[in-house]
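Take a look at this one; I'll ask things after.
A, B, C and D are the chain letters, set down in written order, and residue numbers restart from 1 in every chain.
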Amino acid sequence: MNIIERLKERFEVLIAEKKRKDLLIIETTKKGLIPMLFYLKEYEGYRTLTLISCVDWIEDKKFQMSYILWNFRMKANIIVKFMLDRENPDFETVYKLWPQAEAYEREIHEMFGVNFEGNPTQNEELILEDWDNIPPMRRDFDTLKYSMEKFGEREPKSRINIRKEISEQYDEWRRK
Amino acid sequence: MSTEEVRLFIGPQHPGVTGNMSIEVLLKGDTITWAKTHIGYLHRAFEKLMERRIFIKSFPLVCRICVPESDTNEENLARGLEELADIEIPERAKWIRTLVLELSRLQMFIMWYGGIAGSMGLSTPVQWGIGDRDYILDLFEELTGGRVYHIYILPGGVRKDLPEGFEERVLKTMDLIERRLPEYDELIMDNAVEQKRLKGLAPIPKEWVEEMGITGPVARACGFPYDVRKNSPYEAYDKLDFDVITEDGCDVWSMLLVRRREIDLSIKLIREIVSKMPKGEFLTRLPNVLYWEIPKGETYVKSEATRGEFGYYIFTDGSGKPRRVHVKGPSFIHGITLLERLLVGQNIADVAPILVALQICPPEMER
Amino acid sequence: MGLKEVLKPLGAWRQIARKPHTILVPKVHREAAERYRGFHVNDLGKCIGCGTCAAVCPNEAIDMVKIEGIEGKKGDSGFRPRIDYGRCCWCGLCVDSCPTTSLRMTNEYIWIREAPDDFVYIPGYDIKGFEQKEKGYRKDKEHSFTDYHRVPMREKEPEERLQTFAEVVLGYTEEEARKEADRCIGCGLCISGCPDRMHIPDYIRAVASGEYERSVNIMYENNPFAELCGKVCTRRCESYCSLGNEGDPVAIRWLKRFATERFSDLKEVIRARKQELKDKSVGIIGAGPGGLTAAYYLALRGYKVTVYEAMPEAGGMTMAGIPKYRFPLPSLKKQVEFILSQGVELKTNYFVDPEKFRNLMEIHDAIYLGVGLLKPWKLGVPGEDHPNVIYAIDYLRKVNFNESVKIGNEVVVIGGGDVAIDAARVSRRFGAKVTIGYRRRKVDMPADREEIEGAEEEGVEIWEKIIPLRVEDAPEGRVKLVYGKARMVDQGPGRRPKPVLIEGEEYEILVDRIIVAIGQQADLTFLPQEFAEKMEVERGRIKVNERQMTSISGIFAGGDVANRVADAISAIADGLRAVKGIELYFQGKS
Amino acid sequence: MGKDKFLNEKPEKLTYSGVFKKIDNWARARSLWVVAYGTGCGAIELRPTFTSRFDAERFGMRMVGTPRQADVIVVSGYLTVKTLKRVIRVYEQMQSPKYVVALGACPINGGMYYDSYNAINRLDLYLPVDIWVTGCMPRPEAILAGFKRLQELIDDGKADGWKKYIEALDWYRGNQRKIIKNWRMPNYNW
């Protein structure tokens, strides 16, 4: 029985994809995530948490939370992910399982505004200082606009779309 | 001895920290009782900027993520995109990439080797380390056209072929560095002060390694044979003959030993790569880069930087721009989770060597 | 640990005896490496202002600006890159994507100023003293972002071609087409070459991304004969393709052909919005591409359109003049039918004479003349009235309408244009031995390069510098062409050399038929006296204003009869322009 | 606490001139100490500049740990808002005369990070820069050439950005406060 079957037996597995021989991608639900991570850590040997990541699927109104684990003995990575509601991004911390989750979650809280219940330091500033806008890594945050308004530009670029300019120029010739 | 606790900020403007970061510590006498890492001084929002740039435009960006070792970033992103877009690269490109990566690791290790001595006030090896590293930068300049930021590894292969006679010059530089290494050893390894201060400094409990996700030379100094080049070989590493270097001391001295042996290994690998370098094409033709679109997908690629496992978690959504690229620098865990715990109980004077030993590179923590 | 560890580090003192490796900058100037990515230089003469560098720049460091002394022209936008060194990151992507290789980098690296405003720089225009530097990062054409190699078009073998009138080119497969289309960098300079100003980069990009329906829709925005153009266009756009400066231009024509050929029923594909019906009617004389284009767009705008055609089939010259191995009949039928389905009325076999013309002027609010050039130019040599001397357009028309033409076994074609080549290749298909005699050199021939090559592959011989002197009768129903040789006399820069007859030399060739293909002229005898007097004619063509209106208000003209270029795409452009003109005319009138 | 010279008083006019001033400038130009603050990626090229391969110490330049002893601050590349605050603080702690050298494209007009929400685009709004060296990153040779130019300026008595800063302090402060939201900055006096 391989790991996908074992996981399917115990948890709700929405998608299981073998990306490479050492990379497995599993999608589960919000409810099933922490038990699955616990199971993977304690029984399957995926003892290391490499990364927690968040992706903003703004069209679907979802945040995708991904947890990348590493199994030292099997030499394999597993990505466990689930979709989180973008409007109410509340989730629980996995800090009790892995200490480094604290810092990762702190960053995601800062950059996406996801709330991790039980994380002791998530409200402290990690990277930004005195941030005054929506969490910047969200897709609806326009960084160019923000930068131009806040920091300005030496000589406003004409930013002409040369392609458009060219075709308009030739249109003019036609009118002649 | 005073029993009052003193709050001390080390950095960001401090010659002892390894870059633009700062550590806040509570001191009881000379001993640190609590530590906290502050980062964000170099946050340029690479991940955000990549989301609004087409794929090819990300390459000049990513090499800035870790300044001294830029090639790892380019290689990771290129490999990730190749995997998602299903592009095969020529054999020679793989070998050239491996050569560039190894050269890059070597120059970083040499600089580090001088740096660990400098962190304890021994400034001669600093001069040597940076001076000798420059010979490798000369090679990079010749090969890629840039000293620090190479933008050499692109999806599909590498940008230019090796110049005429480049291999010989690489070997010559390797000879030069190998000749110089015993002098470094005399000054650092055989130095009573260094030995006294570093042996047994900042021991890392072995169970932390897996639990915290410690990687690279730090993990190897704790006896874990964890090396991405061996565990999940990429580029041409599976065709190279080498063993993972481990030490068992768990302390800064072991980290020093691991890295010292890594220098030898790198030189050996570079020689091997040069001797095995295949002939042929070095770049496959990409689709038109201005309109290049990659189907929806996600992947995690990683490689071994000098500091540990460097990973790229890449999302594409079928458009010409990445949906999200999450860069996992090894320093994130080393610099925050590990450092905050490791510093507790240490002497304030040892902060600099510990920082250098963990080889914390702030820009990759905050991107 | 012991005394050894204390003493050993002292070994570092031996450095004192060594030669320092310090580079004594700035006393010693160290030149950067051969490939170093330093400051930019641009060859302004070579640069065409395509803006690819600005498009690929990750930092918006490159801005395209107009600079003094450089005017836009066909194939050159007149813009030049201006680089902001407060933005540049010296990645060299601009160099690697420059299609003309005019932009490159030197290995200069020192640029120090006291004011922050001195970092904006137009390479090539602002002279900095390092322009002549040879070293520096350059584009390697084979390993860059630009693909200079066209996907070759597959063709039938010459022997096979001669057996049949089936199409010579086989067309791209989907994979080939997308690969070829993906080469396009989207600069849009090709638009300058297109008389109809089609949105070339847009429909090419649509092909590259597999959206063929969108692609055809873009084409139909200003060309209802996209498939025709995909097959027989003179494709002047391709000569302005930015990739053509250093490699093969994008095969715009073949890609258009590929996209349009995919759809057999255009009604399902084209989603043109038809405007409400208006109370105005337009009569169009001549159902050639120009006339039908005008008819199509006028019908879309809600006007009532009637097209009058003298021949039994619509299509004009594309029906009568272009051989079927280049432009098959079903393809023409498909396009004409689609245009007619938009509510255009067509009257064939309707030969307009002065009487009918007066009538048309009565019933229509405006008239568009797309009558083309029907009267062939004559050689103007003695003996030309010989029955074995025939004219290429008559010949081609008869062939296309399946009328029988006897041409015998040996033919000489006089002329160097597309019609001459067509006549020659058609004759080859009838099994004749064909020679083309042209008064200039082969390189001067106005015909399409690929057509000339195709003709030669099929065994057509091309004789250069031939000037016919007279035609003589020969026995056994044959004919003799007496000709002289010409020498080329230079006419100064920018002008074609002129052929001048070498006196005293005479040669002759004995053939079955002489086919004359030296051009056609307008035949305006259908105009009633009162109109013909008012109609201004300039060097054989009807004079029109920029809206295609002739000197008589309400009468518009276009196509071969009004322009000097005389090809399908110009006729289509004229038709489109006339639509706007007619609309404005109506608005002014009402 | 001494008198708060920095904020309330214009810079003192030098009481000596002529040859003495020249000697003064000559001496200043030949002992430029650079505060060891690697604010951005340019720090990587400062290391070779100040060590044996290029050896800036030949020109009397060296790295120094504390701003109080430093004459030059090198802004090595982009500045994030968070760092800018520290840089201003470091700059204000430095003793006059003091000079600012900006390395790389980023301080000039934003460079690669022109659209980044966290990196400033124009350094001259916040600090008086004396020398701009473009490049990404400038090579050690270019950095040395920049320092050389700075020395020439000091020799001629033209490198007076620090005076401008005091004169136009309100303007600089206004710009600084515009982007630094939480202004917890002591007023230094020396």
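Miscellaneous remarks
Everything that follows uses one rule, which is that a contact is a pair of C-beta atoms (placed from the backbone, for glycine too) under 8 Å apart; a residue touches a chain by one contact, two chains touch by 3 or more.
Small disclaimer: the values here were computed from a predicted structure and weren't measured.
Seen from the Cα centre of chain B, the chain whose own Cα centre is farthest off is C. For the pairs A-B and A-D, the larger set of C-beta contacts lies at A-B. Inter-chain centre distance (chain A to chain B, centres taken as mean C-alpha positions): 24 Å.
Chain A and chain D have Cα centroids separated by 39 Å.
Averaging C-alpha coordinates per chain places the centre of chain B 30 Å away from that of chain D.
If you average the Cα atoms of chain A and of chain C, the two centres end up 50 Å apart. Among the residues of chain B, those touching two or more other chains are numbered 40, 43, 45, 48-49, 52, 60-61, 131, 149.
Counting partner chains per residue, chain A has residues 128-129, 136, 141, 143-144, 154-155 touching two or more of them.
Residue positions 52-53, 82, 108-110, 112, 114-119, 122, 136, 139 of chain D each touch two or more of the other chains.
Viewed as a network of touching protein chains, the structure reduces to a complete graph with every chain in contact with every other.
Partner chain D is touched in their complex by these residues of chain A: 128-130, 132-133, 136, 141, 143-144, 146-148, 150-155.
Of all residues in chain A, only 154-155, 157-160, 162-163, 165-167, 169-171, 173-176 touch chain C in the complex they form.
Against chain B, the residues of chain A that register as touching in their complex are 19-20, 22-23, 25, 47-51, 53, 55-56, 66, 68, 70, 72, 75, 77, 79, 98-100, 102-104, 125-129, 136-137, 139, 141, 143-144. Chain D makes touch with chain C in their complex at residues 52-55, 58, 102, 105-112, 114, 122-124, 129-136, 138-142, 144-146, 148-149, 153.
Chain C makes touch with chain B in their complex at residues 1, 4-6, 8-9, 11-12, 15, 21, 32-37, 52, 55-59, 89-93, 96-97, 105, 137, 140, 143, 145, 147, 182-186, 205, 208-209.
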